[in-house]
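Shared between the two complexes below is chain A, which pairs with chain B and chain C, respectively.
Our next item is the complex of A and B:
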């Protein structure tokens, strides 16, 4: 079983590892109001975290937000790449997550057909 | 939302929306008393008795009390606890934070399953790295406790979303949940 000691060792390793693979500085924000959670926001978040781990993406932050007032479009997931518009995807399922990460987060190509909103930050 | 771990996620979100910087979540599964207790204590802005009453009313919650940081989760949890031979108590006062305590009969046939606490705790810790979050879970004689503070303290400037850290957190949490339910020995018992 993984222990706190393992985390301490991990910190040493990460600190000595200077090979950053992707430095995207991208933010991913997931709507976790009541209906977001009911619609599967937690599973979407898990899928995002799995994908970050699998692709070894560094410097991506994942945060939660509460009710955004678009219940019928839940699960809502926003991607904000540095210096670009904030893109809101709607009706996101865990199955769509790998595609969003590969296309948008890594390659900067917005998946237009899933977009429900665009905001300039 | 027929899974207690999802309801918990929703209640913790309430606390954060209510401005809490500290949230302590404690789950106790007491087989002797046949009771499952979920307690969420926060230091958010709190509610007066009128707001508490409204927070439990499913027909008003969706609008007005949203400002006080109350989603639809509370009336839902209230309903489930009562269906399962338990009750919900809400203790709150303005400026002093809120404590929500949901008690269920552990063996009750209609009690929603706990579901994946690994996923819920992971979502809370990673999605709110600035929140001083404390989680403790007791099953019979076994206890597991983790705090965001402890993890970020070790990690320093390495983010919780670092890929290797994510893998560690997943293994750490699922390993300890196994331990709680009878798996091998944990480290903080």
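Our next item is the complex of A and C:
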């Protein structure tokens, strides 16, 4: 590293190493209750992680939640963009994940036909 | 392709390591691998969060869930429930001591809410052994800015304007000190970082070095640029092996990265840092003794002037600052003097890190803006006094400082107001004492410390502290005489006026401040041979009060057969036979035995 520009470039590169600890961006929350897992939540989670990695998305965090009482709609996946409603998608399969991420997470367009709930936080 | 979705921060500071965080980390690695989660969850070793008492600490991001006292056995449950299923493991959450409420989130814990973490902002949040993590949060930007966009004079002016004062105790304006060394004549100059940290109860410098070593290195390099030095020394006590290890790693990474060494940021500025391990004597924290020690001589103070700014290491101009002082510098350069000067009081700017210890609910490190009251520190951050006892005094500034009583709790904490009541900021050790602490004994404790740490070079300190200690010991043993208090006061004044260095000059402070605020306690010891706090073992006596129902239980447990009395009548204790073991008091079902 020779110049202050090099430092800036390096900083941007390594920021993803710590960003998760200071995050403010979009959240994806996957229902990992007993029936969620039985319905394939783990596979959905893996698909989400793959898709984020493929698209090099920064500032997106993936967390899990327990049973929210809509077991028959599993797998449940929520997307919360900063300052917007929490949108819950139902009957999510790994195949649907790229679409949800492309449309909603990246472009902010809600996939109404998959939505099972909306909450303001 | 991988995406990390969670960070598990495991505190690897000295406190947590000693309570088992290394084993927790190993178990976590194992468990994540077994579950196939090791590609999506990262383990990060951090420095101290300042909450060591609750360690080992494990924090899970992005949620920021804060687990305390985590043991190896708890790891499978954290992995299974939290990291796999997203369910917080309630039983490992922190509970507020008063409300007993469980708090999942780091930032909602009372201990952290009133703090203003600037110096400690990265401590516990980044991996101190990876320079990339420091760079990711803005590290070395200030150094880059200083050497490429500012003159050395600009840097000194910025530090002056910020109002930063030395955090090593005396509170000398840092910018002014830098300008002295900058102006001093010399072909070779040095920057020295004082990481001796000799005050009993203080551990903030250690935590900064362990948790964010690059920050101190960056501060020193900026200082080097400002004063025209190309070499720096960190004097750190050998009892801090983890701090030394992390500093060594940090220095070699900074050199490899080119932010330390020759031609930094292609500016032509060069700066190298060496570590000198000290033997850990309190007097070696005194600047002239410290310099002698780096030169390989015995760590003894010498008279000043000449000050190190003009004649320091090997006679060359040398700027010496404390760890925390240097740690403040990068932010002043990054965010500007005005931003910095907006925090704190008129004459004490910025934040100060305090080490809270003693009879307080949360012990640990707390960083607060200058000017906060002692009451806020003790009650709002520290969670109040343990076991619902009554507050008695707070000792601030270690062996050079003094005690503040209840009436002074609303005093704003800054350099000058503390001096005005006979205490001192010192390095920031705060020892909280409750009603069971004897203030004469506290004075004796600190004097015993300074007396044994005196280097012996000058008579007032060598002999004077010894004599004062004898008097104090006598008082706590019930042998005090009329006139002792006045004698202590006269000796204190003489030692303060004639000792060569700060050790002797401040050694009498704990005695003077306890006499000032707790004179009645001294008088009770001397005149009534009584220790009101019931702490001085030679003075406490057990007596049986009229609550006694004559059950005789105490008589049965007394190992000295000191208790006599007939059944159903009030018993008595023979003070000559009594061993002061307290067994009778613990046994009495009617609380009829009192101590005092």
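Convention: the second predicted complex is superposed on the first by the 98 of 121 C-alpha atoms of A that agree within 3 Å, B and C clash if a C-alpha of one lies under 4 Å from a C-alpha of the other, contacts with A are read in each partner's own complex, and residues count from 1 in each chain.
As a working rule, contacts are C-beta pairs under 8 Å (C-beta built on N, C-alpha and C of every residue); 3 or more make two chains touch, one makes a residue touch a chain.
As the structure is a computational prediction, the values presented were derived from the model and not from experiment.
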{"item": "Partner chain in contact with A:1 - chain B first, chain C second, else both or neither", "value": "both"}
{"item": "Chain B versus chain C as contact partner of A:49, first or second or both or neither", "value": "both"}
{"item": "Partner chain in contact with A:58 - chain B first, chain C second, else both or neither", "value": "first"}
{"item": "Partner chain in contact with A:10 - chain B first, chain C second, else both or neither", "value": "both"}
{"item": "A:70 touches, of chain B and chain C: first, second, both or neither?", "value": "neither"}
{"item": "First (chain B), second (chain C), both or neither touched by A:38", "value": "first"}
{"item": "First (chain B), second (chain C), both or neither touched by A:116", "value": "neither"}
{"item": "Intersection of the chain A residues that touch chain B with those that touch chain C", "value": "1-4, 7, 10-11, 14-15, 30, 32-33, 37, 49-50, 52-54, 61-64, 66"}
{"item": "Of chain B, residues touching chain A in the complex", "value": "1, 6, 9-10, 13, 16-17, 66, 69, 71-73, 119-120, 122-123, 126-128, 150-151, 154-156, 158-159, 161-168, 170-172, 175-176, 178-179, 183-184, 186-187"}
{"item": "Interface residues, chain A side, partner chain C - complex", "value": "1-4, 7, 10-11, 14-23, 27, 29-30, 32-33, 37, 49-50, 52-54, 61-66"}
{"item": "Interfacial residue positions of chain A with respect to chain B in the complex", "value": "1-4, 6-8, 10-11, 13-15, 30, 32-35, 37-38, 42-43, 45-46, 49-50, 52-64, 66-67"}
{"item": "Contact footprint of chain A on chain C as seen in their complex", "value": "1-7, 9, 40, 61-64, 84-87, 125-126, 130, 132-133, 135-138, 140-141, 144-145, 148, 257-259, 265-266"}
